[in-house]
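Got a structure for you, questions after.
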Amino acid sequence: MDVRINKVTKRFGKTTVLQDIELTIASGQCVALVGPSGSGKTTLLRLIAGLEKVSDGTIHFGTKDVTKRVPNKRGVTMLFQRPLLFPHLNVGQNIRLGMKGNEEHGVAKWLERVGLAGREADFVHQLSGGEQQRASLARALAGEPDFLLLDEPFSSLDLPRRRELRTLIRRLTEQQGVTTLLVTHDREEAMAMADYVYVMQAGRIIEQGRPVALSEASPFFGDGLELGGTWQPLSEIELVLRPTNQVSERVTITKELIQYGVRFYEIERASGERLVVQTTERFAEAMTVYVVRKEA
Amino acid sequence: MNRRLVTICITGFIIAPLVGIFPETFTLNPRIVETLGTTLLMIVAVTALNHLIGYAAGKAIAFQTGRFIQIAELLISLPLFLPVLLLSFGLYLTWIRLGLADQFLGVLLVLLLPTLPYTVRLYTNGFQALGEQLLEQTVLVEANRWKRFFFLVGPLLRPTLQSVTLLVTVITLSQYALVVLIGGGVVRMLALEVFPLYSGNAADAAKEATIWLIGLPLVIHVGQVGFFSLWIRIVRRLLDGRKN
Amino acid sequence: MWRGNAFPAVFLIAGMVLYGLFVSVSMTTIADYQSLLTDSVLIESLTLSLYVASSSTLLSLGIAFGLAQFFTQRTGLAEQVLALPLFIPHLGAAYLAILYLSNIPVIGPHETSHLSLILTYIYKETPFIFFYLLPVFRRLDHRYEELGQLLGLSKIRRFWHGKGIFLLFPALEASFIVFAFVLFAYEVPALLGVTYPKMIGVYVFDLYTQGDLSQQPTAFAISVVLTVCLLLILAGFTWWIRPITERLSKGRIE
C-alpha cells in the first residue's frame, strides 16, 4: 500500500509547524524523515497516524482518503521512542492486545520472530530495554498493519541493540510487505534503514532523494566522512548492494572504517567502480550492505 | 468546559463559607488566650519531632530497597488506616503506669500518631521528586552534613518542609478527643476551649474561637514562608561572597 | 543517615499502635466479645458510620477525581483555592456547618440524614484527595492512550489500560485513608451528629469516658474488633496490590 501526503499543513493556534508537505512512500518501501529536533517530523508522523488533525491537505493510503479517519481505522501502527508496554500486563498479553483475530499460536509465533521465545509470561520490568522494544515491535506488527511508523524507536537503546533492532525491523517489514516511515535525527540511522530520505527543516521538506545520492549532494545530509582508519587486507566477498541491486555480486574490500559504531567499507566492483558501503555487522558471504556513496 | 468558570465555581464553594466567620465584636477571650502558650509549645514540639523523625524515615523509604523498608513503610502508615482514638484507650492505661498521663510529654507522643504518617509520606514524595542523583550530587558538592542541609537540601526541600509544618499544625489544633483523653483536661490546648463553645449558644464567642482556629495555622504559615525566603536569601548572599 | 533511617518512626508508631492494641486485648475477656454480637446500639451505630463514611468518601473521591482530571494540564488559581480547606482544622470546618446549615431542615446539624456531616467532610476531604491524585494525573503518560487508539482498543479499554490502571491504586489508597478517618472520627460527628444513634467514634469514646467502669471492657472490645477488621482489610489490600503496583512502577521507568 503506497502512501501519499498531499500539501499537508499543520497549525497549532497561530503557529504553523508544517507547511505544504508533499511526500510519497511506495508500497513496501522504507522512507526516512530526517531533521533536527523541532523541525516538525514527529508532528508529521502524528498526523499520518491520525493522532493530530490535519489543518490543510490530504493523506491517502492507497486509493483511500484517510485524512479524517480515526487512527484505528487507518491500518497504521507506531513504535514510540519508549517501548510503552503496558506494565500491568505480561509480554504475551501485550502482544495479544495488538492482534486483530484470536489466532491460537499467534503470540508464540510473534515471540519467536522477535527472538523472545518463551518469554510470554514475563512482565515488563523483567525485560531489558532492547527486549522491551522488540516486544513492542511484535505487538505493533501482530495487528498486521499495512503501514508502520517509527518515532525514533532506537534512541533509548545502546549501539549493539540499535543495530539488532534495525535489522529485525527491516527483515520483518520486508517479509510482511509493510510500508515503513522512520523519523530520526540520526543520519546514520536513515542510511542504514531507508530506501528514500526526506530532509526536513523548520516545518518544510528541504531535500529528498536516495540516501546515496543525498549523501553526495546535500549540504544537509552530506556525511563529511573521510575513509582512513584501518586498512583491511584485501579480500573478496559476495555482497548484495542495496538499495539498487537485488542479487549478490563479487566485490573486493579495499578499506574499512568504523565510525559512530557503524562499519563503513570501501569496495571495488568488478567494473572497477568504487563504492562506500555501510553495514551494521562484520562482513559475511551474501550479506546485504547499503551503499553510502560513490568514490571518484 | 471553561477553566475560568470552573475555577470561579470552586472559589465560590470554598471561600463563601469563610465570609461569615468574622464576629461583630472581637474580644480576647481570656480562657482561649490562656491556652495559647501550651498550644503553641505543643505545635512547636510536635512539628519539630515530625521534622526530625519524618525526614529520616522519608529519606529511607525513598532511597532504600528491600523487604525491611517495605514493611517499615506499611507500619508507619498504620495510623492512617486504624482507629487511633480507640487504640489510645489502651495507651492511656500504659501512660498512667509510665507517669505520662495528664502530662505534656504524654500528649506530645500520642499526637505523633495522627501526624507522623502524613509527614513521612510528604518527605518520601519530596525526596523521590529530588531523586537519588541530585542528592548524591549534593554530597559531592558539600561534605559537611549541616552545611549541606543549610545550603542545598533545605532550600531544595522547601515545599515539603512547608507542607509538613502546615499539616502538622492543622492536625494538632484539631485534636480534641485525644488531648482530653491523654491530657486528662490538665494539658489545656485550644481545641479544649473551642469545642464546648461550638456546642453552646454564644455565636460571637464561637466565631472568635474559629478565628483562632483558622488564623493560627495561617499566621504560622505566613511566618514560615518569610523564614524560608530569608533562609534562601542568606544562602544566596553567602554563596555570592564565597571566593574560589 | 546518608540513606535515611526509618527505625525511630517505625519504633514510635508501630510501638504505640501495637502496644495500644495489646493493652486493649488484655483488658477484655471472651464474654465481652460475645456480648457485642447482640449489642443493637453498636450495630445501629456501625450502620450509620458506614453510611456516612462511604457516602463522604465516594462523593469526595468523585469530585476530586473530576477536578484532578480537569486541572491536569494547568491548575492556575484553582490550586491555591483548593489548598485553602487544608488550612482549616476539622473542628473549624464543623463550625462552618453549624453556622450556615443550622436552620435548614433535613440538611442541618443534628438531622438524621447526617448531610451536614457529609458536606463538612466533602469540604475537607475533596482537596485532600485532589492533591493526592493530581501528581498521579500529571505523571500519566498520554502516549499509552494514543497507543491504545492505534491498537484499535475500545474507548473503555483505552481508558483502563492508559489511565485507569495507574490511577486505581492511588485512588483506592486515598479513599481508604479518608474512609477510615471519617469512620472513626470524634470531633465532627460529636458536634453535628444526632444523640441516637451516634457515630461509632463518638459512641465508643463516650462509653469509655462517660460510662461507669463496667462499660470500659465493652469499649476495649469494640476497639479491638474494629482494629482487627481494618488490619485484615489492610493486609488483604496490600497483599492484592503490592505485586501490581511493583510492576507498574518498575515497568514504567524504561
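First chain written, first letter: the chains are A, B and C, and each begins at residue 1.
Everything that follows uses one rule, which is that a residue touches a chain if its C-beta (ideal position, glycine included) is under 8 Å from a C-beta of that chain, and two chains touch if they have at least 3 such contacts.
Everything quoted here is computed from the prediction, not taken from an experiment.
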Most central chain, Cα average position: C
Chain whose Cα centroid lies at the greatest distance from that of chain C: A
For chain A paired with chain C, centre-to-centre distance based on mean C-alpha positions, whole Å: 51
Euclidean distance of C-alpha centroids - chain B vs chain C, Å: 19
Cα-centroid distance, chain A relative to chain B, in whole angstrom: 55
Residues on chain A engaged by chain C in the complex (per definition of touch): 49-51, 70-72, 76-78, 80, 82-89, 97-98, 100, 123-125, 129, 132, 139, 143, 156
Parts of chain C lying in touch with chain B, wherever the complex brings them together: 1-6, 8-10, 12-14, 16-17, 19-24, 27, 67, 70-71, 74, 76-78, 81-82, 84-92, 94-96, 98-100, 123, 135, 176-177, 180-181, 183-184, 186-187, 190-191, 201, 204-205, 208-209, 216, 219-220, 222-223, 226-227, 230-231, 233-234, 238, 242
Residues of chain C defined as touching chain A within the complex: 141, 143-144, 146-147, 149-153, 161, 165, 244, 246-248, 250-254
Touching residues on chain B, where the partner in the complex is chain C: 1, 3, 6-7, 10-11, 14-15, 17-18, 20-21, 52-64, 69-70, 72-76, 78-91, 93-94, 109-110, 112-113, 116-117, 120, 125, 127, 139, 145, 166-167, 170-171, 173-177, 180-181, 191, 194-195, 198-199, 206-207, 209-210, 213-214, 217-218, 221
